[in-house]
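Multiple structures follow.
Shared chain: chain A. Partners: chain B in the first complex, chain C in the second.
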Partner chain A sequence: MYPKAKQAWLLLAALVILALPPMQRFLEQSMVMHMLVQIPALAIIGWMIGKILPENWKNNIAPWNRWGITGIALAIIIMTYWMLPRVQDAAISEWPVELTKFITVPIMGMALGISWPQLNPIAQGVLKLEFWATFMRLGWLYLDLPDRLCANYLLSDQRVFGQLLLLAGSIWAVAWTLRITFGIKIINN
Partner chain B sequence: MKTFLATFLVVIVGSLVLWVSTDEGRAFTAEEARRLEIRETPRSVPDWRLQNQDAETFRIQDWHGHFIVVDFIYTSCPDVCLILSGNLKTLQKDFSTEEKSDKLRFLSISFDPEKDTPQRLKEYLHHFSADLRYWMAARPINPSQKEAILDFFKVIVIPDEYGGYTHSAGYHIINPDGKLVAIFGIEQTDELHTYLNQVLEEKENVSKS
Partner chain C sequence: MSTTEVSSKIEYSDSENRNALIAVKSHLIAGLLVFLLMMLAGLAMRAAQGTWLEIGADLFYQIMTVHGAGVVGAAMITSTGVQWYFLRQYVRLSNGVFWTNFFIFLTGVVLILGSIFVGKYGGAWTFLFPLPAISMGAWSAGAAAAFQLGLLIIGVGFLILYLDFGRAILARYGSLARALGLTQLFGKEPVNYKHPAAVVASTMVLIVNFMGIAAGAVVLVMGLVNLFYPEFKPDALLMKNLIYFFGHVVINATIYASVIAVYELLPRYTGRPWKTNKPFYAAWFAIVFMVMGVYPHHLLMDFPMPTWALITAQVLSFGSGLPVLVVTGYGALMIVYRSGITWSTSAKLLFLSMFGWAAGVIPAILDAMVTVNRTFHNTLWVPGHFHFYLLLGLLPMLIGFAYFLAGEGDRKERPKAVDSLGFYAYLIGAFMTSMVFLASGANSIPRRWAVHLPEWIGFAQAGTIAASLVVLGMLLFITRALISLPGANNPR
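Presenting the complex of A and B:
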């Protein structure tokens, strides 16, 4: 493991690379890249920043975030916001919205990273099921919808996105089933 | 207690943000948003100079005093534009009575001005057997003007995988005062028809009284 200071620089560098205009254009030219590469990458960076926050910061946050409830609420709201099709479009055409994305999505990752381990196991189970259901619902919707939701993306792109969501949801479901019934751990969660 | 307060605050502020950014839960897509925005705050259309199918200069101002239905097209379009302008053709037929057709104008603006020469625009109109007195096809004169027009109407055009374009498809209504007042989707032709009937009748009453 790298020392914390070095990790912090690496994460910052990753954020800057994602924010470079050619990189932005590349990742935002298709819905699949935008939703399944850029946004998750930003969230993961946030998650990792959360891990290396100084201890005293974490101690200060803790009383406001018992059992991780505040953090999870924040993360869910930010997620919902970035699931609005018009916000995705606006991020492409308006720079303030793009900037908001580069700030709020890492915050979402950070909030999730800090709060998830503290969350009650039953709440974890409910949320996992709900996240999974969202993948399947949206996947189906995107596959089936005759109209485009985002003005900046092609219908074929939207369909591929739907397929990938269903695929990811299915893999998740299989991994889960294997774990529950046979105790086989494919993925950690 | 602190956690309760913080969560409460996050949920309230978050819900407010979601409420405001969807226009009170009324617009979830960019297309819905632009239609809603125009309905609530009509905007004056700048007086652009376009080039029409007869290679003449045309200004939106030239049609001041008429209702104008604008659609956006490119002449090599294989699908959506054909439906868009096909519906205009139906509209033109429906409103062909002398007093109504005189108050109503159709304008098909091309967003592919490099390829859509006046000749091709003319062929496009012929394809829909357009009544050229009331229906015009035109192209922007230069690329920056094209951008300005698309920006104004918030029409987004993206290249598709077959060398053509995918674009926002709708009917944009400019009123006799030169203001963009409504946008109807390609699926809303019935609403468009009802709307035009209504406004044309209102206008008739106003001019009579």
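Presenting the complex of A and C:
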């Protein structure tokens, strides 16, 4: 395991690499790369930053984040915002929006990383099912909608994205089902 | 005497037990009251078809919508009360979550009632795409949305409850497979005859309802998108598949949740244990898949459906009821036979439910044959099946449990005259209601028609008389429940 300082530098480096113009252009040239690679990568970086935050920072946040509710609410708001197609468009054409994305999506990941373990298992289950349902609903919508949702991406790109969301949702459902059907004591009473 | 002993039952504090009892009674009373109201709605519809009551077509379809959605909702909330009462004895369940679901349910009910009686939504519980969005002015998109939102909210409440079931079952048994008894079935563990039937049944219900609600969560939102963005036209057949998967699984699961009352109470009344064994586990394992696989028998007339799906639906529908029905029906007969059982109203109702369940599936099996289905499916034959199944299979389990909870079993008393009157009025009325529906179907009388042709009116009038008897019986049961239940102690 890397020491925390080294991990912090690695995460910062990853964030900078993602922000480099060639990398940015590469990851934003298709809807699939934008939504399924760049944004999840930013969120994962945020999640990992949350893990290595200094203890006193975590202690200061804790009273404001009882049972993880505030953090999860923040994460859901940010997530919902970045699911709007016109915001994706704006991020490509306007640098202040792009900058906002590079700040808020890691914050979303961080909020999720800090809050998820504190969240009641029932609330975790509801959110997991809601995330899964969102994959399926959006996948279906992107596949069936007659119009382009993003001015910057082709209809065919939108359809591929829809198919991939449905595929990811299906894999998730099967994995989850197998885990709780055959898994061994995953929750302690 | 309690004979379903299990090695270790869960201990709760007295205040938790008191609170739990109030919660279960609230579920029962609310559910049974909704059932009574829905029966009155059904009576009104039959009387209107029989020309004994004047109801406009728009109001008829609103009543039909509330009747369909209301009965499913009442079945869900009441059967969940039964299931939760017994399951909490074997796994540690949360009273808070149980109450949360109850209040979320009531919120959903308010939305649904508002959508129907204020917003005039009359597109049936099935909310089949694209009907909710093309009412031709009968109702607004907002009313249809409120209806679907109400269903969605109720689904979320149940999802929370099932997550608590899942958490508690996994905490005690480690995996759903073990809770279902699969480790015993496949020889990984020795057979434990005291493995609680309530846990096996609840695990099955948890799995299928979780899947059903997940499908509902997707299809309801897609319907909402279509209401407000009509350019989005989802595949109608896919929508129908998901709606019927959701609806069929959810209503079908209510009987599997309620049958726990038979497993738990008949042993008390007969003094003989209900032992779980390999055939029992095998039956419940099979039914997990069958309950999820049979719904396409509602789509046998949709010619674009893949042939393999229709054949599977037909085959599974033939076998669907059988595994659990056989082990439960046979088990019930065996523990009652020469047991010297006292035929209390509760015992009679639970035993009647075995008949209703067994006989109620026969019209469904007939209707699941493609050739029969082409002629019968859009007739009153299908309401004949589900009224038989629900009135004589499901409801006797629920009312029998209410009698048990009211303390009838403890007092070992013989049924009072009013109970016997209620029982026989209900039995005869329910049987007649179902048979009149089946006879109407056999005579090609269509279902979901507000106005009937003169040739059909006789059937509707006979149905009205039968429905009146059902209402009389239910009224007597409900009065008894309202008088006895609130003050009754937890049965020993």
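Everything that follows uses one rule, which is that the second predicted complex is superposed on the first by the 183 of 189 C-alpha atoms of A that agree within 3 Å, B and C clash if a C-alpha of one lies under 4 Å from a C-alpha of the other, contacts with A are read in each partner's own complex, and residues count from 1 in each chain.
The working rule: a residue touches a chain if its C-beta (ideal position, glycine included) is under 8 Å from a C-beta of that chain, and two chains touch if they have at least 3 such contacts.
What you see is a predicted model, and the numbers here were worked out from it, not measured in a lab.
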Exercise. Classify the contacts of A:23 with the two partner chains as first (chain B alone), second (chain C alone), both, or neither.
Key: neither
Practice problem: May I ask you to decide whether A:77 touches chain B, chain C, both, or neither, giving the answer as first, second, both or neither? | Solution: first
Exercise. Pick one for A:13: touches chain B only (first), chain C only (second), both, or neither.
Key: neither
Exercise. Figure out whether A:141 sits in contact with chain B (first) or chain C (second), or with both, or with neither.
Key: second
Quiz item: Looking at the overlay, what does A:155 touch: chain B (first), chain C (second), both, or neither?
Solution: first
Practice problem: Over in the complex, which chain A residues touch chain C? Could you list them? | Solution: 121-122, 125-126, 129-130, 132-133, 136-137, 140-141, 144-147, 173, 180-189
Quiz item: If you look only at chain B, which of its residues touch chain A in the complex?
Solution: 2-3, 5-7, 10-11, 14-15, 17-18, 21-22, 27-33, 156, 158, 160-161, 166, 168
Quiz item: Which part of chain C faces chain A closely enough to touch in the complex?
Solution: 92, 97, 156, 159-160, 163-164, 166-168, 170-172, 174-177, 207, 210, 214, 217-218, 221-222, 225, 231-235
Quiz item: Where on chain A is chain B touching in the complex?
Solution: 63-67, 69-70, 73-74, 77-78, 80-81, 84-87, 89-90, 93, 148-156
